[in-house]
Structures are given as C-alpha cells and as structure tokens.
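Shared between the two complexes below is chain A, which has chain B as its partner in the first and chain C in the second.
So, the complex of A and B:
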C-alpha cells in the first residue's frame, strides 16, 4: 500500500515538473500575437477598430498611476538595450525589429506580459493594450 | 548501528523515571539552519512574482543554498542526530517504520525517523537544484532554466507539504510536539540518548558566515551571483 502511495507521489511529482516545464517553444512571429490579440480584443469589445501605434507608445511611456512605466527598465527607446531599475541587469531590446528573438515564443511572451503588467499596472494587460504595444514596438527600428 | 536510536515506546516505558527526562536532541546550528531555511523559502516564494522584489528573491535563494551547503557539512561532522548516518536508512527500514505507525506501538526515534529522513534528503536535493537553476536563469543562460526552476520548486513544495504533514502526524502519534522541539532543541527521552553539547560556537559561526555572505552579495562583491 505504501509502495503504491510512493509511486503515486512520484508520478505526481513528474507531472508537476512537466507542467512547470511546458514552455516548449514553437517559433511564433509578432504577427501571430497581433492576430491573437485582435481576435480577443474583438470578442471583448464589438466596437474595436484596430490597434494604434500612438496608443501603444503612450502605453509604453505611461506610469499608469504607479512609479514604473515600461520605459523604466526598457528605456525610452525600445530598440535600445535596457537596464533593470532594481538589479541593474541588462535587458535585450524589446522591439522585434532590433531583436528578432522578441515575440517568437508564446510561453515567454505570456509569462513576461503577466509579470511585467502586474509590476507596472498592478493588473494583467488587456488584449487591446498588448496589441497596441506590440504594434508600436514593431515600428521602432 | 542506527537501530540503536530506535526505542520502541514499550522499551521506554519500562525504564525507570531516573533515566527518563528532558534531553537535548537538536543542536543550535541545526535549529538555526532549519528556521533560517524556512525564512529564506518564505521570502523567496513571496517575492517570486515581481521584478520589484528581485534582489530579495535572489538574496533569499542564494542564502537558502548556502544554508543547504552548511547542512551537508553538518550532516557529516555535526552532533549525533544531525548526522545523515544517524537517520538515512534503506527502503526496508522506512517501510517497517511506516507500517508500525498503523499499529498500536509505532516505532519511536529520538532523532529523525526514516520516513522523515527521505523528505529531508528530497528537500536538500531539490533545494540545491532550485538554487542552481534559479542562478542559471537569473544569469540569462536560457529561458528553459526559468521553467525548470519553477517546476523543481513545485515538486519541492510538495515535499515540504509531506514533511509538514509527517511532522504533524508524528507529533500526534508519539505525543510529542516536534515543532517546539525544533525551537528549544529538547525532547522527553532516555538521558543516555541526549547530545552533550549544544554547539553554540558553530551556531554563532554560522550566523557570522551568513552575515558575511549577505554583506558580500549585497555590496556587489560576488558579481557572478548578483551584478
């Protein structure tokens, strides 16, 4: 009986490890994310007209009532190398034009949007906000 | 040899009161290690989801790792019940202990029981892996280190839950408050089973070592860990 319990726990552990490690990377493109956000934005808001570069740039620089904006770490120029305001670690450019690795892995994009939106806005970002931001980032070379 | 530490409650009850009393089981370094480890884990866990607390997270994580390294060392040269050789036993002994819990006379160990020992080994191993993958992720050696780090910590949390569950079950079955024992270091038992020295000096050295490590880390003297 104990042996069964042990193997059950072992299997559960392996499963947890796999679930925690489910970030298998397919090569996504920025367009893939734009399509996804557009679909989600439309279903949330029937009056949705499309993403805007200007709104994305405003979003990027806005502190949203807190002390940080995206630019706090990623600098005023998303095509430049950023610097973490707390640890001082360098951050590779956010603009996919300057850094082709950006927006190429859904697991990574989802993880960091969730994490960074919580830090800057104290909530998750809406699909419209993400789409505006990405539309802006793509234009910065 | 390890069998000697296992006194069945029947055996103990037969002893006269003269040799039975409050005995020191956990030395000072073991207790400092245990509660510092808990503190580091809680801090690292609570600060894991925000960039704002990143320095706290990695500081708690590295300190957690240092504590585990100390525990490996203390598990070899420490006092009787802190040594791995006192409590790590094979699957057969472990199963025997676990099945005795279902009887009216559960086997009693002065130090760690063999089931708890496996949780300890699991937590030390997973803890070290968590620190290594956390460091690799923080040092930008690849995104998958971050994923692995989270996966390992999920399993570690499971083992911690088993550890806490085991401590509670064991406390009830053996009618001794194991949590309190890990604070003051004492249990009720045969006076001959007590450890002789609380090892205050090693405890102070451990705290001084941790202090020095934190100072070096936070003053950027260990750029490979925290730039």
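So, the complex of A and C:
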C-alpha cells in the first residue's frame, strides 16, 4: 500500500517537474530574438549593416507575390487586435509594446514564423527578414 | 522534494476538476468545452477550436496528417503535440456515419450532419469556418441555442 502510494507520488512529481519546466520556462525578450537574428544575419551575409524599421514595415505590408500579407490577418496596425481574413477569429496584437506576450517564448516564435512565412512567402523567412520585421513591430505602440 | 509533492497534488486536483467539468458537459449535446489547453492553443488560434464530437476519427486522422497543407495555411505542430491532440480528438470523435468525411480533406462543413444543420451557403460575409460569427460562445465550445445569433433573414438550411 505504502509502496503504491510512494510510486504514485513519484510519478506525479515527475509530471509536475515536466509541466513546471515547460510551463514556466525562462521568458525570452524581443531583444533576445533581435540578437539571435543579428548573429545569424551576419554569418549569412558579411556585408550585413543592421536591421531597418522601414524594411520591416514594407515586409509586413507586402503580399510577396501571393494572396496574403502579414497585415491581411494582423491588420494595418500591428498594435491593434487582428482578425483572421477567412475565419474571422480575433488575433491579439502582434506588437510587443501592445502585447507583452509576443516574442517572449522561443518555441512559439519559431512555430509561428515557420507557419506564417510558409503562408505568406511559401518559404521560410531569412534571419534578416525576421530581424527587420521585429525591429518594425517594436516601434509600433 | 516536499514542494514537489505539494505541487504534484495541486496538479492532480487541477486535472481532476478539469475532467469532472468535461463529464458534466458531456450530456448536453451543444456543449463541447472546455477543451484541453493544447487543443485550444494549437487548433484555436486561427479559427475557434472545432468540436471533436462532430467528425469521425477517420476525419480527424486525415486532418492531423495534413496540417502542413491546411486549407491554404501551414498549421503544422511538432510530432509529440500532434500525437497528443490526435488522441484527444479520436477519444471524443463521432462514430456516426453522418459525421464521416465526405471529401478527401475531411472538411467538417461537408459532412452530412453539417449540411443538414447549416445548408451549403454561409450567411453573407461569413465563412462556415467562422463558427463564432453566429455561435457567439463557440470559442468556449458552447453551441447552445441560447448563445446563437444568426443574421436576420438567413435561412438555416438554404
């Protein structure tokens, strides 16, 4: 009986640790991602001069030859609540100034860049594109 | 160690409350929520989470296999998340023929059940994927008549 209880508790401690580690991981900041993209951009292109707000904004509004831009769902103003262009689902603001949850979790950021770059550009985004975009998003309050 | 044990007990109680709640709603056929957090997060960002009970397990298997090409969007999730969500969907799936896929991508809106309830033409300016356009509490899995607000003049089943 005691043995069973012990193993039961042991199993749930393991579960709690597991959940604890995934649920309350160290939060990243927008600057963490900027540093990562900058390092990657430099290693891909030795002539890289730094990120640009204007290039980020152009990237955000451009349809890149397809049907959708970032703005199609996240709206013209990334600090406002967005709306999915097909399903009408409301999307919380993209700008980290308006929504501190944005760019605070590496797993989420990587997942959404992969998905949304495929949707809009039909390919992955480059570190330079991600860095420009984030540099722009940070400026929108 | 003691803290971990306390934490574990907390988690167990949390899980127990969650499961009792799901059981409480299971009797009402218009109540499908609350959904597990991973399902609401992964399948409820671009559209409301759709009720698992309204598609057969074969349909959900098709959906979860094709997430990378999900009606014009990349909705892919990592392998472990995919398995976890699929097992939730299959465990709660419909076993009725009227909820079986009617075309290769297993659109819920093409099942016999859906067409009988909604017809084939959504209200003007809305897509059928936008449940919350009429089912105002759809994000919570509440599809009761009480929370239904279809646009004036829309004939259900047209």
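Methods note: the second predicted complex is superposed on the first by the 116 of 141 C-alpha atoms of A that agree within 3 Å, B and C clash if a C-alpha of one lies under 4 Å from a C-alpha of the other, contacts with A are read in each partner's own complex, and residues count from 1 in each chain.
One rule holds for everything that comes next: contacts are C-beta pairs under 8 Å (C-beta built on N, C-alpha and C of every residue); 3 or more make two chains touch, one makes a residue touch a chain.
Small disclaimer: the values here were computed from a predicted structure and weren't measured.
In the superposed model, A:105 lies in contact with chain B only, and not with chain C. With both structures placed on the common chain, the touch criterion links A:29 to neither chain B nor chain C. In the overlay built on the shared chain, the residue A:139 is in contact with neither chain B nor chain C. In the superposition on chain A, A:44 contacts neither chain B nor chain C. The partner that reaches more residues of chain A, of the two candidates chain B and chain C, is B.
When the two complexes are overlaid on their common chain A, residue A:84 makes contact with chain B and with chain C alike.
Taken together, the two structures place residues 9, 12-13, 16-17, 19-20, 84, 86-89, 111, 115-116, 118-119 of chain A in contact with chain B in one case and with chain C in the other.
Those residues of chain B lying in contact with chain A across their complex are 49-52, 54-55, 58, 95, 98-99, 140, 143-144, 146-148, 150-155, 158, 162, 226-227. The touching residues of chain A, when paired with chain B in their complex, are 2-3, 9, 12-13, 16-23, 25, 73, 84, 86-89, 105, 107-108, 111, 115-116, 118-119. Those residues of chain C that touch chain A in the complex are listed here as 1, 4-5, 7-12, 45-48, 68, 72-78, 126-127, 129-130, 132-133. Contact residues on chain A toward chain C in their complex (touch as defined above): 9, 12-13, 15-17, 19-20, 67, 84, 86-89, 91, 111, 114-116, 118-119.
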